[in-house]
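Let me give you the structure first, and then I'll get to my questions.
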Amino acid sequence: MIGDLITASVLASGIRLATPYLYAALGETFGQRSGVLNLGVEGVMLMGAFTSLWAVHEFTPAGATGYDAGALAMGVLVAILVGLIMGLATAVINVTLQAEQGISGIGIYLFGLGMSDLLFQKVFGGNVVTVNGFPKVYLPVLSDIPVLGEIFFRQNLLVYFAFALVPVTWFVLNKTTLGLKIRAVGQNPEAADAMGISVARVRYFTVTLGGVLASLAGASLSISLVNVFQQNMTAGQGFIAVALVYFGSWRARGVMFGALLFSLVNALQLQVRTKGIDVPDEYAAMAPYVLTIIALVFASQRIDQPAALTKPFERGE
Amino acid sequence: MSTSSDERKLLPTGHERIDHLEMRGIVKRFPGVLAVDHVDFDVRAGEVHALLGENGAGKSTLMKILYGLYQANEGEIYLNRRKVTIKSPSDAIALGIGMIHQHFMLVPSLTVAENVALGLKSSREPLLDLDVVSARIEQLARTYGLQVDPSRPVWQLAVGERQRVEIIKALYRGAALLILDEPTAVLTPQEVDDLFATLRQMVQDGHALIFISHKLHEVLAISQRITVLRDGRVVGSVPTAQATKAELARMMVGREVLLTYDVPPVEPGPVRLKISGLRASSDRGTEALRGIDLEVRAGEILGLAGVSGNGQRELAEVIFGLRPATAGSVLLDGQDITGKSPAELNRLGMSYIPEERMLDGVIRDFTVAENLMLQEHAQRPYSYHIFLNPRAIAQRCANLIRNFNIRTPNQETPIKSLSGGNIQKLVLARELAREPSVLIAAQPTRGVDIGATEYIHQRLLEQRARGTATLLISEDLDEILALADRIAVIYEGEIVGVVDRAQAQVETLGLMMAGVRHETAAG
Amino acid sequence: RAQEKIRVAVVMPSTKSDLAFSQSIVDALLAIQEERGEDAFEFVYSENMFVVEDAATALRDYASQGYDLVIAHGSQYGSSLADIAPDFPDTAFAWGTTVDTFRDQGITNVYAYEARSEQGAFVQGVMAAMLTKSKVIGIIGPIETGDAKLYVDGFKAGVLWQDPEIEVLVNYIQSFSDLALAAAAADAMLAENADILTGTAQMVPGAVNKAKEAGALWFGTQANQTSLAPEIVVSSQVYDWTVALNPIIEDVLAGEIEGEAYSLTLENEGLRIEFNEDFELAEEVKATAEEVIQAIIDGTISFEIDEEGVLTVVEAEAEAE
Amino acid sequence: MPPNLFHSPRLDRAIDALMPLIAVLLALLVGGLMIVLMNANPITAYRGLWDGAFGSKNAVADTLVKATPLLLVGIGICISFRGGVVNIGGEGQMIAGGLVAVAIGLGYKDADPTLVIIACLVGSFVAGAVWGGIAGVLKAYFNVNEILSTIMLNQIATFGMMYLVRSEFIDPRQKGAAAPIPETERLPRQFDLPRIGGALDDLYRWLGLSGEGGTQWGTTLLHNGIIIALVLAVLVYVLLWRTTVGYRIRAVGKNPRASRYAGIPVRRYMVLSLVLSGGLAGLAGGIQLLGVRHRMNAEGGAIAFTGNAGFNGIVAALFGGLHPLGTIPASILFGALLVGGNKLQRTVQVPSALITALIGLVIVFVVGSDIFVRRRSRRRVTVSVAEATEAAEVRASP
């Protein structure tokens, strides 16, 4: 019974659903590892979602039927650019101006929520536009593996890239001098400072990177998952992404497990109802949220929250 | 690293030596405090220049200015007669200045090697080269006798080891001038000897050292020159050869200081605290206490000597209900109190002065008054039902501040801007004012100036006279020998022996602390 | 006390260009303005009034600014309207989508309008049943109430009426805005090899694209969704609120506010099935569709909803026996 | 040296107080540009904003009504943040409160109104407290981070509400309807929170101001929820700084370890912080229901009922310096911004998105400006010290 619920296609769609969470949450992980909490992810996602869609729409040659590689490249490029700007702004507010990170995040969220919609109405008169987003790429050989092939290796580039980011994140954080600085700054900025490291510069980097990834998360929605833009289309995913960073206790792998758990359960609950199994829709919709909490209750807890999280740094003066 | 070809001027670390560094007319103001007041200070290659002063005298501040952590309001710094400006630690590091901070500047979650590599250029940027770093660490360790395991995470290290990591960090960066701010405050006698060996080695190599300590005998043992600060001003600078403890003490405190006390005999009363077969595990899950048996009588001070990390902290925490006992029991006046909550134990008249006072003893962001009320706030007359009674509280705090002469602008000052010595006094005041029947004091005078130390010792003896049963946990043998009626030595979670002070000699204690059992005095 | 110029204000939950519920009313007002001219017909709007409290404030404010007709375009605004209307007896209010004019509460200046969207849905359902090859059809809705429920039930009824063998997959995803979730729901249905999808509310564009990728067909509702995917949209049920608004406006101009309820039906052409020209639809299908429409218009096919909200198809022939 | 005339502490404090307002003005300036880009006239727009917020008695009333839940959630946030826990669960807690209130109200239609109203408010507090308490227990005893759990619990509450309102709680009148509206019955009118406009008018009359400024307060929607909120704000202040409980909450928030050493049951106080702040959010829900909405409706999800007060309350509290009394003006300012923003849309017909973005800007500018206040105050002390010492030196030298 449960067997014919968990089909390859359900798992595949769960993996697709996980991509925006992965981008956003990995970005947030960098920020938090260096001691900066950014609740504004959702806003940046929306900005990225719109601008990338705009770029793809803009650069797709008129009358093109299929997707246009150049346009898609532009879409990603623009998303990165916008993420860069939003990220830098966030850094100025949280690092230089040492703003209370709880609120500044909400401010950035509201700004992005409004701004993305505003641009949408200004540029497209608010009319829903669809684009030809990233096409599925069947990885040679791998995609022919029975079942697994369909689940993992028949996704589009942005999906592959999101999962590729997991080991990359782990590597950067644990195997590079930069990663060492990031971890130190998040755990004990005073010590890092005393070793001649510029706490501010490190945090500027991580927060900006977080912005870029959040923006890509938006793009992965608008030009890869659904290929349209609508106001508030992220529907709270940015906040879930932040929660997932805590779920993964600041480790790339943990974050990925969180994103997968949440998204697979989501895909599964949709399947349950598509199958017409009789549970109230609302309860089914609750499942991912409930299970995420329960999973964390039973997960072996090795919490090492960055000691300086949300604490602005200023040399004793 | 220097490009100077003149070999004679180079240190083993390859860095150019600092022949002379001078600070002139340094002034530093903090909100409400004039921390450093027109201070002149200098140090030369191949010497140890000691800096003495009461808590809050301005030692750390002066040094933080030299290391670029604070900017002076006035004054200049000259390196080899050349004027330099030090805007940040990286400037200082570049000039060959290193600093061992009073409060360790290490990242607990990182390994030793990572802590050392932090901020250094890697040989294969952007990747880490921890293997290279580890190799170099071991090399330095050999040259200066600083044993550490580069791969251990710092949170697993004992304070002594952390101290070494700090020194290695400085040497690794080729520090030609090394500032040591109270490096011995947390070290055992053995560790101090090791440290001094290292320092002498460095002096020979031509390093310049600045050494801060509250322990006069250390200063006399290691330094060539001594400068004394009081209230941010230099009260004198003398060659060590011509200095005496008593004179230095007078310079620091501005009055005569008792350096040894006569301990009036007190007839020990009934057994207050009885610990039998106590076992417990450490934060790392290893067994920290392996069957402890101890008795403390009313009107007695039982000194617990031992190298730090042998279970002292765990013992105190188990007794005070902060850590579960895996076996054994603790009796207070015959009543079993094993596993009771700190709240209950407070009520039963037990009192605990924790070792990590900044972390466990006080709330940095709370005011002096709020910190003084941590236990009492819920009792009459300080509160009725749930409502606090500000007048009564102010009353009490005023008294405590007066009686224990805690140096603070007023009751509403956040204690984080008090000097550590004063913070320590505050904790002591809070605990002793409750006239506890059992007192557990862990390192009560660590990092505290001699004036305050004398003062605290007097208080402990007063309590003893009052009939308090005191468990004095200390790594400072002088302190224990000065105060304790009996001395128990702990090693790897076991009591290796208990001796009366009468028969106690430093040598035997030293052996016991190294784990050698003491048959004759199996208490 | 008749007048010739009329000022209308509308308050709506989502953006005026959501290609769905809110847009449908704005389109209607624009059409009316087109027809009557700028100076005879002026209208203003408040969009994105998700927060009912804010919507209430807006309604009250418009009324006190002396707008002649104040439209509360959202079923969640009802209770606020019931509180506000009595304070402005000379102002006409309209509330959609519902049939409730608060007569029972002695309120006379509230008009109500609704769309019998099950009618068009039924027609499209019939077409879907004829077009499906896999015999599997999927319907995506936001939450199981109101207009959405009506559409979904109608569509399903249409399919089964045409061919009881067909498997109809229904999924209310519990969100009006989560396009990704709508897309995933579509994925699930396509995986069950559904070859025709439909859906209602703002989040459906997410599903439309999935249908496009999989080459499945799409039926739209609330507004003409052909622009979303010209190659797969068969037809859309379009709401034309002018049918309800015009009589209300006439009343207001005539100065005799009655507070009646209007329904958009196929009969009064408030509901229209707009076919996608670019999609070549088999003649017989189109023919059947037209027949069914006719049948619904002259009542030989009608719909009943019982206490439990279950929709049943009633056929006149059956009654004749 | 002569006393420095240009360095008056009063002036300094005035400037500090003005700093947030200056920030708001800057934000509005930037917003003005955006408005121009949307080819509307910023002057008219901002006049609209002002009129909508304070322009008339009705406007003021709307602003205060809007500020009420912000204030209640906000003072709750003061407690939780002071207690060292981050409560992002205001939305869910408000919904829990609203649901219980509506359940009680509908359950006892014929009971004595005063009793029922009190029961509803108490019930809503308890409901919110439970919902917050769950996060508290999860944090204290299962160390599940509260940011995660509260975010999740918001969604769970929303879905739960949607289910109940659509099934169990649905208004019988909707049962038969072709297109049933997912809403509960409206609470009997005698359960509406008493309007206080009338009382205000009496006050005006008593002061001989009757008839001033046209419209009377009596016709406004101002209900006594604002009074409840204001009273509670004062009580929370007392709780935090005048009672042992508050002292312990703050101690645990600042340093759990030291608190534990001092014998404070840290975990229990963690839970308590979340219980209290959850309860206040729940009460906000109850008051929102009895004072404004009178029924629950599933359409539009959580925000339709909460108006985002669960989040905005956090902003209000932090604007108020996490001080219950500071939160009062902060909530009113924020409420004014929200109410005025909608009016702005009505006046110049700019997309609502612009207002959302504008509010975002205001928040960012205000938090960004805070550092200058802190810097100034620190410099001030140092300066005065410097003067003091100089003075001392002067005295010292003969």
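First chain written, first letter: the chains are A, B, C and D, and each begins at residue 1.
Just so we're on the same page, contacts are C-beta pairs under 8 Å (C-beta built on N, C-alpha and C of every residue); 3 or more make two chains touch, one makes a residue touch a chain.
These figures come from a predicted structure and were not determined experimentally.
S.K.: By mean C-alpha coordinates, which chain is most distant from subunit D?
M.R.: Using the mean of the C-alpha atoms as each chain's centre, the farthest one from subunit D is B.
S.K.: Where the CA atoms of subunit B average out and where those of subunit C average out, how many Å apart are those spots?
M.R.: The answer is 76 Å.
S.K.: Taking the mean of the C-alpha atoms as each chain's centre, how many Å separate subunit A from subunit C?
M.R.: Using C-alpha averages as centres, the distance is 35 Å.
S.K.: Round to the nearest whole Å and give the separation of the Cα centres of subunit B and subunit D.
M.R.: Their C-alpha centroids are separated by 46 Å.
S.K.: Could you put a whole-Å number on the gap between the CA centroids of subunit A and subunit B?
M.R.: 46
S.K.: Can you tell me which residues of subunit A touch two or more of the remaining chains?
M.R.: 117, 121, 126, 231, 281-282, 285
S.K.: Indicate the residues of subunit C shared as contacts by at least two other chains.
M.R.: Residues 15, 48, 143-144, 174-175 of subunit C each touch two or more of the other chains.
S.K.: Name the touching chain pairs, would you?
M.R.: A-B, A-C, A-D, B-D, C-D
S.K.: Applying the document's contact rule, which stretches of subunit A touch subunit D when the two form their complex?
M.R.: Listed in rising order, the residues of subunit A that touch subunit D are 43, 92-93, 97-100, 102-104, 106-118, 120-122, 126, 231, 236, 239-240, 242-244, 246-247, 280-283, 285-286, 289-290, 292-293, 296-297, 301, 303, 305.
S.K.: Would you pull the subunit D residues touching subunit B in the complex into a rising list?
M.R.: Within the complex, subunit D touches subunit B at residues 242-245, 247-248, 250-251, 254-255, 257-265, 378, 381-382, 385-386, 389.
S.K.: Quick one: in the complex, what on subunit D touches subunit A?
M.R.: Within the complex, subunit D touches subunit A at residues 34, 37-38, 81, 86, 88, 138, 142-145, 147-149, 151-153, 155-156, 159-160, 162-163, 166-167, 311, 314-315, 318-319, 351, 353-364, 367-371.
S.K.: Show which residues of subunit A lie in contact with subunit C when the two form their complex.
M.R.: It comes out as residues 7, 9-10, 12-13, 16-17, 20, 117, 121, 125-128, 130, 133, 221, 225-228, 230-233, 235, 237, 266-267, 270-271, 273-276, 281-282, 285.
S.K.: Please name which positions on subunit C make contact with subunit A in the complex.
M.R.: Touch residues, subunit C against subunit A: 15-19, 48, 138, 143-144, 169-175, 177-185, 187-189, 191-192, 202-203, 205-206, 208-209, 212, 227-229.
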